[in-house]
Each structure stands twice: as C-alpha cells, then as structure tokens.
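All chains are identified by letter, namely A, B and C, in their written order; residue positions are counted from 1 within each chain.
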Amino acid sequence: MSVDIHAPYKERVDTALHDKHLRIALDRATSRMKTQRADAMAAIDGERLRTQVRKMKSYVLRNLPDLLETLESNLTANGAHVHWAADGEEADRIILDIARQANVQKAVKAKSMTSEEIHLNGVLQQAGIKVVETDLGEYIIQLADEPPSHIIAPVIHKRIEDISQVFQRELDMPPTMDPSAMTGAARQILRREFLSADLGISGCNFAIAETGTICIVTNEGNGRMVSSMPRVYIAVMGIEKLVPTVEDAFLQYQALCRSATGQQCSVYLSMTSGPRRADHPDGPEEFHVVLMDNGRLNMLARGYGEALMCVRCGACLNACPVYREIGGHAYGSTYSGPIGAVISPLLNTDVTDADKLPHASSLCGACRDACPVKIDLPRLLLNERADQVAEGDTAWFDRQAIRAFADTMKSPGRYAAAASFARTGSNLLAGMSGGNITFMPPPFSAWTQSRDFPPFAKKSFRRQWRERQERRKRIGNEGQRSKIED
Amino acid sequence: MTTRETILNRLRSELRRPDLPFPLGNTPPLTSDERMTVTAASGTLWELAERFGAELTALHGTYEIVGTPTEARLALINRLLTWREEERAAYRGPKPQTGQEDQVLGWADEALPVPGIADALADLGIEVIAPAALYSSEERDAVRFIRYGVTGVQAAFAGTGSMLMVAGPKTSRAASLLPLRHIALIPFSRLYPAIEDWLAAERNAGTLTSVLRANANVTLITGPSKSADIEMNLTLGVHGPKFVHAILFEDDVER
Amino acid sequence: MTAKKTFPNPPRRVALFVTCMVDMLYPEVGMATVELLEKQGIEVVFPEAQTCCGQPAFNAGFRDEARVLARRFVDIFEPLVISGQVDAVVAPSGSCVTMVTHFYDVLFESESAVEYRYRAANLAAATFELTEFLVDVLGVTDVKSRFDGKLTYHASCHLLRELGVDRQPRALLENVAGAELVPLDGADECCGFGGLFAIKNGPISTAMGERKAANIIKSGADVATLCDVSCMTHINGLLSRQQQRCRVVHIAQVLNNQVDVADSPGTSRADVAAPEPSRRWQDAREEK
C-alpha cells in the first residue's frame, strides 16, 4: 500500500496517513536525524556557520553568470567537457548522446536528485542502457521500483522488514533481519557492476568555480566509484550549485554534513577536476559536466531566488512536522518536505497537484531554523500562496470566504453582526451536541471530523469590557484601576 | 543562440532587474578573515595525533601512534599479519582461492612515506601491487580480490579524523577504495589541526588551486565506508573499506 | 524588523489588542489579560474599533484583503502610540503580534506609498505579546499567582520562532505558587493548527495535533498552557473529542488565578457558575 506519486494530492496524503508502517519508519528516522543535526550544530558555533554559508551563497547567486563562466573555462582547461541544458529533456538528450558515442552498455549511478528530477534512468533504459543505482538506499528502491522519498535517506519510508522482503524477492536472498548481511550482499553485486560499467553518473553537491571541480559527498563510497572506475564519467548539476573558492567548498561541505546527518565530515568527499591524467593508474578517460536550468532561472525571475541557495541537506524535511506525518512520496515530486513544497511548483517538472504543495505547511518555521542557509521557507510558501491568489489560481470557495471575512473585519458594525450571527449559529450547533460543537457543515466539517470547536462566547470581550466600564463609572471608581469587582 | 548563451544572458538580465527581491544588490564575498574553522583542534603534534585517533575511533576506525618511520613499518606489518590471522580464524569451511590472498594493493613504494615497505613485506611472502593501469577488465581482475590496501596521505586533519588523498601516477585511487581493509601511513609532518589550516597553508604557498586542478581527483576520507540507509542501522563497508587503520608516526620532515 | 521600543520611564498605559478570536470565543482570556496588566499598575485602554489584524487572509495568500485590514489596524493603533496616549500595544497572542511586527512589513513592501510601511514599523516597535511585555518591559516574573497541580508549557510556533519568546512565559510559570512545571515532549513542535491549513489539510493537521495531544497527556500535566488561543482551540478540540481529562488554557488565565484543577477549568471564576460534575470541562465555558 505504498503511495503512488502520480495520484491526486488528497489521495497521496490519505494513503500516507493510513500507512502505519510508513509512519513508524518516518517517525524513527526523522527524529533521529533531527537530534543528530541539533547536536552537531550545538557542538560548534552553528549560528555563525549558518550566517557564513548564507552570505557565501548569496554572493554566488548575485554573481552566478560570472561564476558559471569561470567554472566552465576552468573545467574545460582541466580537460572536461561542459554542456548546457535548458531543461530536463535537453539534459537527457545530451547524456544519451554521450553514452551512445562512448558505446555504453551499462551505467552506474550515485544518488542524484537532479537526475531523478529529469527522469534520466527511464530515458537511458529505453535506449537499451542498463542503469544501476549504487547508493544502498537507491539500490533498494530501484529493486522495489519506487522513487526516493527523502533527499538524503531515499528509503526512509521502508522498515527493515520491508527491505528484507525486497532482497528476498529480487535477489533470492535468504530471509534475514541483519542489515550488515543485506549490505554485504549489495556490496558484492554492486562491486561487479562498478568494475564492469562503462559509464558513471552522479549529481554534484557543489562545484568549485576557481578550480573547475565537481564535488560529491557520500558515505558509502559509491560517489568515488562512479567517478573513478568507469571509462566515462558524467556529472549533472543545477546551475545554482556553485561555490566560488576551495575554502567556500569546505565551508559548505561541513555545514552540509552537520545538517544532513550530524556528521562532522561525510566519509567521502570526492573532488573531480578533470579526466585522469595520462600517467594515472585509474580514473575516467572522459569527464562531462552538464549544467542544467530546468526552471531554476524561472525561480530567480519570479522572486524565489532564495530557494536557489539550497544545499539539499534535507534538514528541513527532518524538522518538518508535516513531512513527519506524510513522508516524501505524498508530495508527489522528486523534492519533498518544505523545500520541495517551495520549488516543485516552480521547477520544470510534472508534479500532480503541484499547486497544493505551498499549502501543505502550517508555517511553523521549524524548517527555517534547521536550514544551514537560513532559507526563509515559510516566507517563500506565503509568497507562493499570494502569487496563486494574484494569478487567480485559487479555489472559488477560498476567494469568497476570505473576501467575506475581510469585509466583515473591515467594519465594526458588520463585525458585531457577524459575531452575533456566529454566536447564534454556534449555540445552535453546540446545543445539538451538548456544549462543544462537534459538527459543522462543509468546508468546516474538515475541522469537526476530528476535532471539537468551542461555541462562541455568550458575551464577547468587547461587550464585557463596555459593561465593566459602565459599572466603574457608576460606582465612580475610575481612579481605582487595580480594583476588580466581584 | 545556444542554450549556454540563453541561460547566461537571461541570468544577467534578471540579475540587473532593480525590483528583483533576491539576491540583494550588496552581497560581498565571504573573506578569509571571517571564514570560521568549523571543527577546530589544537595542541602539540602528539596531541593532534591523539585527537585524530580519537575522532577516527569514534567513526569505528582504529589507529596507533609510533615514534619513528621504522616503528611505523613494523606496525604496518603487524597490522597486516594480525588481520590475516583474524580472517583465517574467522573463516569456516573450504576457502575459495583467488590467488590474491597474499597481495596488498598499495601506492608505489616511493610514494609511501615510509621507506622499504615492499621489501619488508616481500620477506614475509606478501606482494605489494601498485598497478600502473587499471583500465581493462583484465587489469582490474588482477586486483579485484585483494583485501588489503596501503597508502600514505596528502594531509590529515586531527579535528575530524580525515585524510586527504590526491590521485597521481604513483598514488592510485583504488588502493584506498577497493580493498576491504585500508591502512594509511600518516607522518606528523602531514598532520594539521583542521582542514582550514591546510587550506590556509596551501593558499599562502600559492598551491591550493593547483593541488586540485593538476591531479584530476582529490578525495577526503573520514573513517570507514558506511550507510544508515536500512532503517538508520549503521553498517560498515558498503562500497569502500570496512576497516580503516591509521598509523601516525613522528618524522623529521620539515613542513 | 525594527528594534523594539525601549522604555526610559516605566510604561503606564497600554492599548489592548485583544484579537478577534479572544473577543468572540474566549473573552475570559481578554479579561485575564486586562486584570494581569492592571495588577502591575498599568492602565489598559481598549480601542473599540479594532477587529482583526488580517493574519488569516495573509496566510492564505490574500494580500490585498489582508492589506485593507492591516491599514485599518495601523490607523487605529499607531496614532495612540505616536501621540503618546499609550506606551505600548499588548496582545495575548504570539501569532497576532507576529503579524503586526513581522508581516506588516511584507504587506506594505509593495505599497507605492511608503507611509504605511513606516507607520507599521513604528507600531511594530511598540507592540508586545503579553508575557514578553510582562517580563521584558515590566521586568516582572512573579505575578503572585497560584495553581495547585501540574503545569506544562507548549511553545507556539510564531511566538517561539518569529518573536523568539520562550524564556518569558516559562519564567512566569516557574513562579506560580503550588505548581509543578513538568516537561513536555516535543514542546516546540507545531500543534498542526496553521490557520486555513487546519481545514485545507485537515487530516495532516489532525495527525499533528494528535501527536501534540498525546504528548500533553503523557506529560502528566493537569493543565497545559500556551500563549495563543488558536493552538489552544486546536489542541482542546482534539482533547475534548477524545474525552481527555487534561486541557489547555491560556497562560493569562493561569497567571490570573482563573484556573483550578478541581474547579471548572478554563473558566473565569468571577462570572461563571460551577459546572455540573458530569459535564466535560469545555462545556462549562462562558456560562453566566
């Protein structure tokens, strides 16, 4: 009963909320990662680190065109090939062309959200190229034929029992609940793939402009494998993922690790600047970098540039109380959680009901506090809601209800009338259920389905206040402010 | 217009818009003075070595600190022999023969910071393979089952227990990646308190960018390969080494 | 956001922004606020033209509608502050204060006339949440209140993360005589209210609220307190539906001695008759 990411939003959410196993898995994982992040940031001057990363990333955004050109010329000088893609289709085509030209039969991939964003696997597979995901989590969900549900922990939605079943079903592995046995099996299988694949594909956590270096962060070592073992290596990245200098790279790297998993450093940081030199014993012969827009420019142009500072650490997902209840698939997009809710409607992707995502937040702000770049995600969500309204993109009911609300609140007379109307109505409803309101007509039934609502006060505050003032006047006690009548 | 030009032109024109809410116009770069050292460490070289060891231990690696390069060589041999004993003892039933049991995948002897390792190991019947090329499947098959890797480091960082590896003609990536067990030899002269200290030293020497650019690949390694993908359970040795052993030793090389 | 106003001389008079929810649903919270302030020697005035700050519309993305209400709000309160008729504006709600102090700036960003933006900033500097005003401005942490039972505290999102107010209500609660302050798991986690979110995403909102309710029950507190009646409505709605004994009350009521474990909770002792024992606590609210 897993969530179908193409189903309508309501259905996705309902399925997720009714999936007990999913919710247990999510609860365990997010609370653990949340604590790890908090501890790692508390161990240092986390606030200073976040301020610095934010400053650095703002600079990057402001100087993006120049930095992109610097990156490109350095990469080229290092012997790499740089390609530009306006959208996912173009990126897919570029990668497919490279693969065909290099006569690739099999590709190994390190975890890359960017390649998920452009559905690269499907494109390559259709062209007859075998694609093997090599991140353990990605490998498991590839076996299970599901998309990832978390930026950092793609298989967060599965319990160990579920994973064990996947291994039994797909790999004929004897039943086991021992994670190291499962990992051992995957190591053996994937090692063969690494050594025999002709193409390695990865995303890019950040690229260093001043040196022309593509950096990937992994714990398992698959990032090193795909960038070192196959003959051809392609890194595909969004145009925003730059840092100016080597020092900036290490600053962001450490902020990323602490925020994502609470580590000081990930196990591996692989920094590739070019194809292997002629006298090197290993490394790829060909190195390609695909710089992709796919809606990012649109984000900048529409005023959501701040979201382009995201370093994809996943901290906002772990902090998010909504993500914790529904998990990644319910968002219906490659990117889930608060950052996913912000960028999915803006990116050039086909997400079912993307317009619902900016509303999938109580705006509690926990995400912003967790974000290593201090991205004001609630503010961006509010802006998206406002854009929807400005573009006439809202449900008729919302529009009418808010208009009526605003009209009421504009005039004290109407306000009083409405209050008295509500009081009468609520007393009626409350009367039916003996005190609290347990039933309201739609759309408010969305409240009373699960929650009671208090009746309106018999005497509003302003009425009580007026009476109190009059009483005081009568007694002639205006001076005695602090005396309270009984 | 090419895609490249379209993207760059549009970026430039958007960024020129005065009403663009973000990023703000005045966004200075982060300067070296203000950039923080994220995970700092301090102390004498011995203290830094201890800190390195403590960090690595917390990551399920192991370490030892010795006084001289000669002792480091001895420590390396001991470690290899102990591992081999352990593996043999742990193995039950008939063992598949790979022909690579008595081999070590290493950096070229002259690239290791301790002299005479290949010879010392050869005396014990252990052969150090430092491949000149791992391009073809035959070349790869020849090292595929080697269980031990021996390397030096470009630099090591005490605060995080990290090791920096630079790919080169004599320093294969494979030696610290393919084997299940990895031994790294770390002379004190290459030990820095923190990553940022190394960055500053290289930047001041004017070599920082060329370290990255000239060598195709630079890798920072912090502990053994691991994953927590299966329900947050820690498992070691997913693709890279499961055992990482650092031998830190005092040397008299000037920095 | 502009820097908060400082007070060289102790403030003497404040304008109460009671908030529309308190006005219509929880007048007893408003009265408690008034009495608390008066006990500290502060004169309270209540500008009767006030309605709503516009937050519901703003959160739903209806900025034009919200702006109308925001202008209205500024027109009512800002002259009082600027003319010195009042020293500050005080509200018993973290989220409504946030609207004024943080989001009016956003609303008036697009305003061609900068006038309102400027005036809103003046107002923002002088607008305080109740506990913030008591502790930070008046320097009071003990309001001589009493509660014989276990209390816990839920940190509402806007109060905690936008206003940065957390130590203030906790300090006040620590000084409630007879009360044991017990920890609440996930005290800083959202209760799931979120305005229209509670309707638009009812099932998610409920799931979040149920977690909060469960944590409150687990804390063993007789009463959970907070500084926002919106969260209170949400959590109580769940506790009531689940027929739980414990409940959530606004901090002003606890501080103003209006809450008693044995008595009819959630009600103002001054003007409410004792409830019939068989009824659940919420039912007794506001009967006269």
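Note that in this section contacts are C-beta pairs under 8 Å (C-beta built on N, C-alpha and C of every residue); 3 or more make two chains touch, one makes a residue touch a chain.
These numbers come from a predicted model, not from an experiment.
Colleague: Counting only C-beta pairs in contact, which chains form the busiest pair?
Modeller: A-B
Colleague: Would you mind checking which chain's mean C-alpha position lies nearest the centre of all protein C-alpha atoms?
Modeller: Minimum centroid-to-centroid distance belongs to A.
Colleague: Please indicate which chain is farthest from chain B, where distance is taken between mean Cα coordinates of the chains.
Modeller: Measuring from the centre of chain B, the most distant chain centre belongs to C.
Colleague: I'd like to verify one number: the distance from the centre of chain A to the centre of chain C, where each centre is the average of its C-alpha atoms, in whole angstrom.
Modeller: Spacing between the chain centres: roughly 32 Å.
Colleague: At what distance in angstrom does the C-alpha mean of chain C lie from that of chain B?
Modeller: Distance between chain centres, rounded to whole Å: 55 Å.
Colleague: Given the complex with chain A, which residues does chain B contribute to the contact?
Modeller: Residues of chain B touching chain A: 2-4, 6-8, 10-12, 14-15, 20-25, 27-30, 32, 34-36, 38-39, 55, 59, 130-135, 137, 140, 144, 159-160, 162, 167-169, 172-174, 177, 195-196, 199, 203, 208-209, 212-213, 215-233, 235-241.
Colleague: For the complex, which residues does chain C have touching chain A?
Modeller: By the definition above, chain C touches chain A via 18, 20, 22-27, 30-31, 34-35, 38-39, 41, 43, 46, 48-49, 51-52, 54, 56-63, 65-66, 68-69, 72, 106, 157-158, 161-162, 188-190, 192-209, 211, 233-234, 236-238, 240-241, 270, 279-280, 282-288.
Colleague: Please give the residue numbers of chain A that touch chain C in the complex, ascending.
Modeller: Within the complex, chain A touches chain C at residues 13-14, 17, 321-322, 325-326, 359-366, 368-369, 379, 382, 384-390, 394, 398-399, 402-403, 405-406, 408-410, 412, 415, 419, 422-423, 434-436, 438, 443-444, 446-447, 449-466, 481-482, 484, 486.
Colleague: If you look only at chain A, which of its residues touch chain B in the complex?
Modeller: Residues 25, 28-29, 32-33, 44-45, 48-49, 52, 55-56, 58-59, 61-65, 68-69, 74, 77-78, 84-86, 90, 134-137, 140, 153-155, 158-160, 163, 179-180, 182-184, 186-187, 190-191, 194-196, 208, 210-213, 219-222, 224-225, 227-228, 231, 239, 244, 246-248, 250-251, 254-255, 258, 261, 263-277, 279-283, 285, 291, 293, 297, 300-301, 303-306.
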